[in-house]
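Notes for the one structure printed next.
A, B, C and D are the chain letters, set down in written order, and residue numbers restart from 1 in every chain.
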Amino acid sequence: MGSSFGKIFRLTTWGESHGPALGVVIEGCPAGLPLGVEDIQTQLDRRRVGQSAVTSPRNEGDRADLLSGVFEGITTGAPISLITYNKDVDSSKYENLRDVFRPGHADYTYWAKYGHRDHRGGGRSSARETWGRVAAGAIARKILATAGVDIFGFTRELGGIAMETFDRDEIERNVVRCPDAAAAARMVAAIEEVKEVKDSLGGIVEVRATGVPVGLGEPTFDKLDALIGQAMMSIPAVKGVELGDGFAVVRSRGSENNDAFVVEDGRVRTATNTAGGTLGGISSGEDIVVRIAVKPTSSVARPQQTVDTNLQPRTIHVEGRHDPSVCPRAVPVAEAMLALVLADLWLRNQAARV
Amino acid sequence: MGSSFGKIFRLTTWGESHGPALGVVIEGCPAGLPLGVEDIQTQLDRRRVGQSAVTSPRNEGDRADLLSGVFEGITTGAPISLITYNKDVDSSKYENLRDVFRPGHADYTYWAKYGHRDHRGGGRSSARETWGRVAAGAIARKILATAGVDIFGFTRELGGIAMETFDRDEIERNVVRCPDAAAAARMVAAIEEVKEVKDSLGGIVEVRATGVPVGLGEPTFDKLDALIGQAMMSIPAVKGVELGDGFAVVRSRGSENNDAFVVEDGRVRTATNTAGGTLGGISSGEDIVVRIAVKPTSSVARPQQTVDTNLQPRTIHVEGRHDPSVCPRAVPVAEAMLALVLADLWLRNQAARV
Amino acid sequence: MGSSFGKIFRLTTWGESHGPALGVVIEGCPAGLPLGVEDIQTQLDRRRVGQSAVTSPRNEGDRADLLSGVFEGITTGAPISLITYNKDVDSSKYENLRDVFRPGHADYTYWAKYGHRDHRGGGRSSARETWGRVAAGAIARKILATAGVDIFGFTRELGGIAMETFDRDEIERNVVRCPDAAAAARMVAAIEEVKEVKDSLGGIVEVRATGVPVGLGEPTFDKLDALIGQAMMSIPAVKGVELGDGFAVVRSRGSENNDAFVVEDGRVRTATNTAGGTLGGISSGEDIVVRIAVKPTSSVARPQQTVDTNLQPRTIHVEGRHDPSVCPRAVPVAEAMLALVLADLWLRNQAARV
Amino acid sequence: MGSSFGKIFRLTTWGESHGPALGVVIEGCPAGLPLGVEDIQTQLDRRRVGQSAVTSPRNEGDRADLLSGVFEGITTGAPISLITYNKDVDSSKYENLRDVFRPGHADYTYWAKYGHRDHRGGGRSSARETWGRVAAGAIARKILATAGVDIFGFTRELGGIAMETFDRDEIERNVVRCPDAAAAARMVAAIEEVKEVKDSLGGIVEVRATGVPVGLGEPTFDKLDALIGQAMMSIPAVKGVELGDGFAVVRSRGSENNDAFVVEDGRVRTATNTAGGTLGGISSGEDIVVRIAVKPTSSVARPQQTVDTNLQPRTIHVEGRHDPSVCPRAVPVAEAMLALVLADLWLRNQAARV
């Protein structure tokens, strides 16, 4: 009972890694929005595996079928159903994982919680579930575009290598999605190196939203900050999230950390943006700036100590096909989650005043 | 429409800083739980202002009245209503803030979103709203106690001073709630110092839950991690949250970061707990370990540059009564939020299997 | 976990019949609405007991305190909390009902479900809970008034006596709230008669909304019809609900029952309104017409056969103070429920289109 | 934003009458339930069109594909996705309805609400949407079976012909699903007759649940009665709902209408069941008895007066393929809705006590 997200613009994802298909149903998309399957496919292609040497070689077309909610290219207000059939499914490699718990994965906790689980490729706990998030996020982006919002993300740090310069155009030019070409080259090298030793790397992904209207966020529990917290921490492999200056604020003082208000072009702005675009849980009109901590991929090909469903010790070799670092593919997912939060809050905000 | 939290155990807080009263209504508390107002008051007293020289001198009795849902000392399954009347309300100091936006506060965003706002003491955006969270959290704790869960929190870092030793018994002995007495003394000194210069300090608060049953968390969006993300980021002044090793994982490798499974006392455990007690968004039975970044208090008594509702520049002096650092009082609030998340997930988990 | 109603405009009622107080918290009321406690008290006074010889002599002032969400006479968008303290509480008459189940009441089912219950005056199951509905409904009405909607209700039939003429002005002139003065007089006589024999009467209450904008209702499960179904069937003593021609349609033919579309004053209307103002679950702009079946009051003063918590047979005499017919007081409650449904759907409709 | 139903066991339907496919996603189905697609297909086949001369000749295989949430024949706790592709879609007959409003249908209200609509076969407003309800209902029935609950329904009255005898075995033997063979024969004759004159008939469908555990229902707004009200009134063509004696109670007295408590086989029962199985909104253990008023099919082949999107008068002939009476096919839909309500409440009840 946790596969849905959002109050008005509400998505429900379904499907397992090695089941026949995966999909998402989106309720509450307003009517009148021009929408084609290509709008969605564009984003899905950014998330797709097999894009480069640094991502998993599993080859999924990931083609979305748009099954409802759109008539003659325009949304009708009815639920939008999107589906993709799993094609390149090789479950045989998982047979030996049927009764054993991969460290760092959800095998044990799903087994303990549900008693019965689809072990193939992680089943429901697979990051393949994010397909539906990115698909729904593409629609959220189209809604937000009508309000002037733009969202983009990038890898800020990977395997200890931090970006030093920022060129937005560079992001999609390199396979790690880093806005600093030089850092990107070093990140790629680090990934190649870690692949050799059958290990994996973590990193930091940043997402930003520009052009966000003032007023998005519903205190006190559905503050923009809070929903960003939920959205980002729901992404597989994410262990932390911060907004604006984030953890760095703990060493600043109030007088430094407060963003002074100024008037620019006839509207209220802040001279700095340590807050990352929210005040009291409501968007301030400044850029939303979010960073997430992405752990190193748990599937590593070296032998690991673990136990099985009979509580016996076992040594396993996780083979499968895995990204040595999740960061590059986490970028479109994190963008999607931010889009989902903002679109829902934007729609909720329509009822804020009589 | 964001003042509620939880799906089964669901609280709704209400009230403004300087209104006649504040309160909380809790739905979904199971019947049969022994509960007295003193269970709640104990926690509220930990959150109360005026406890020491390092917290705000505002003197609120903060006494809870228990108005429903409990009959002869036992919960009935009906909604539980708790209320406290505001007594020591001095709104006069806020009169000059009626039409001006305090930096770091929600004044501007509430004004922009709602058009009309109660400016007195921050109105709805005041941290005084957390009264209801702590009250509800006390009930959540009682539910969790029946399942063997214990929750505690502490100040890990304040004003750049980090704890170095850990003695749980020490936590409530010092006013900053730091488990390291020596560090606590230095934190108190730092607070005294910053008060002198009319400034404020941030810090890191940690909360832990022990004895958590395996299986709490509802993938994919209501993962334990995700709800912790929402819960913590909904606390005023919090700018970041992390679980287990958190942001530090970004520099580790998969082979280091994976917690190996072992069997201890006939049950599955992990040899380490870098994950902070969750796997795939579900509790693993290991301790839940959460850290939050608390920004320095935005209300600083020195003059600040800002603008007013007429978009004119203004210099303000925020007087009122404010904590030089939010950390000590954020401890019981963060504990309450973790309790609320876990109690709700524990109740939701009752329906996980036929 | 069922004490809340509505998705955007969402109320949560709390309190027991003989507890210290009852109340309601309303989330999602838009900011900017002029609102005074007198707006609410006016409706509460219509629901109040002790208004006439035909209602219970319990004398509750039922005075509402408005504790939050309104600042200087205008709503702020924050939750609105309303409370009333129980004053004329005489629990002694219920002591003998502590361990016995009154026929027609919820005593047995609450006991079986929750294990522990407040038996005094029905506790949570008392119709006194509707205080909060009427209070919230008064706010819903104010929101709807901004959209041109007016709501009123009346007793259509009572104790087998049906109204024959309709004069809206007559409704509030007689104690049974019947728009036909002659029928009203006969209803009052029937009530007096049934009181004599320590029995009670049922009836039919009708509620109408005029000026309803086209477009309210969220197919497929939150159709206007469906939410009216839920709202009305949630009122104590209600055993049936119908819309427009209701059960009578089962004997008509499609050609008769279809309301023909016509254009009047430049807008689409229907020539007849057998549908009662909805088509496909969405308001059509015609009057909403709802009728509910109200059972005869279960509390009758004559001896009744029953059993107790030890499963032993018992004869009980329900004394307390009870209305011989619920209909007159059900009128403002049913109006409130219709207002709550429409206000929530009106707010939800703000996000129906980009 | 109204295509979902249920709080724990929660379904979301999607799809349009003449779109590529329809489906349903079910969240919150507990793990460990044996479930095969044949369990679902059995119920879908009962709902299917083209079953007899009295239902629409549209020939849909209505075959369900089960795409997720079940692994090796047992539910996993993950969302269950079911889909059916529309095969026998003939949209050409609807082309002339693109800009005109069929009386009794949702054409006008969808157009007014959403601005843009799929007019083919009613689009989203088509009763074809109930496919997903019946599919989800089949799963709800399997959950309920584990608790001993059985659900069945029948046509009680059709075209003014009321059943007089009750033989449960007879229900599925005749095409109108009437438990009285003689009445069934007359109902079929009436349908044949009304078909001749291009008209349609309404009726009353009854649904019952036996073996219902005491305790299902969540006062005050999610009472069993209230959710039945919502569930039934959300079914296309339903204009009224009643429980137990329903509207008939309005002419009885309290002393007659109260069901006396007795002890039978060591448990509390009521001697009569005028209440229809609920007390105070909670199941009493007696049979749930629900009746719904089904209007005559709005699609009648005779010419009708209406208007178009340009507000011009038009005469239309609704051709398409339609049931002359909805009742027989409403039976499995109403059963499904009752199952959905009970399964959700049964799961919610797991958390009612500590």
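Please note the rule applied: a contact is a pair of C-beta atoms (placed from the backbone, for glycine too) under 8 Å apart; a residue touches a chain by one contact, two chains touch by 3 or more.
A quick note: this is a predicted structure, and the numbers were derived from the prediction, not measured.
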{"item": "Other chains in touch with both chain A and chain D", "value": "B, C"}
{"item": "Winner on C-beta contact pairs when C-D is weighed against B-C", "value": "C-D"}
{"item": "Cα-centroid distance, chain A relative to chain C, in whole angstrom", "value": "46"}
{"item": "For chain C paired with chain D, centre-to-centre distance based on mean C-alpha positions, whole Å", "value": "26"}
{"item": "Rounded Å distance, chain B centre to chain C centre (Cα mean)", "value": "39"}
{"item": "Overlap residues in chain D, where contacts from two or more other chains coincide", "value": "1-4, 7-8, 13, 28, 31-32, 75, 77-78, 113-115, 124, 219, 348, 351-353"}
{"item": "Chain D residues within the chain A interface of the complex", "value": "1-4, 8, 10, 12-16, 19-23, 25, 27-28, 31-32, 65, 67-69, 71, 74-81, 83, 113-118, 123-124"}
{"item": "List of chain B residues in touch with chain D within their complex", "value": "7-8, 28, 30-33, 75, 77-78, 143, 146, 219, 347-348, 350-354"}
{"item": "Parts of chain D lying in touch with chain C, wherever the complex brings them together", "value": "1-5, 7, 13, 101, 103-110, 112-115, 124-125, 129, 157, 159-160, 194, 199-204, 214-215, 217-223, 225-234, 236, 238-247, 249-263, 266-268, 270, 275-276, 278-285, 293-300, 302, 304-307, 311-313, 348-349, 351-353"}
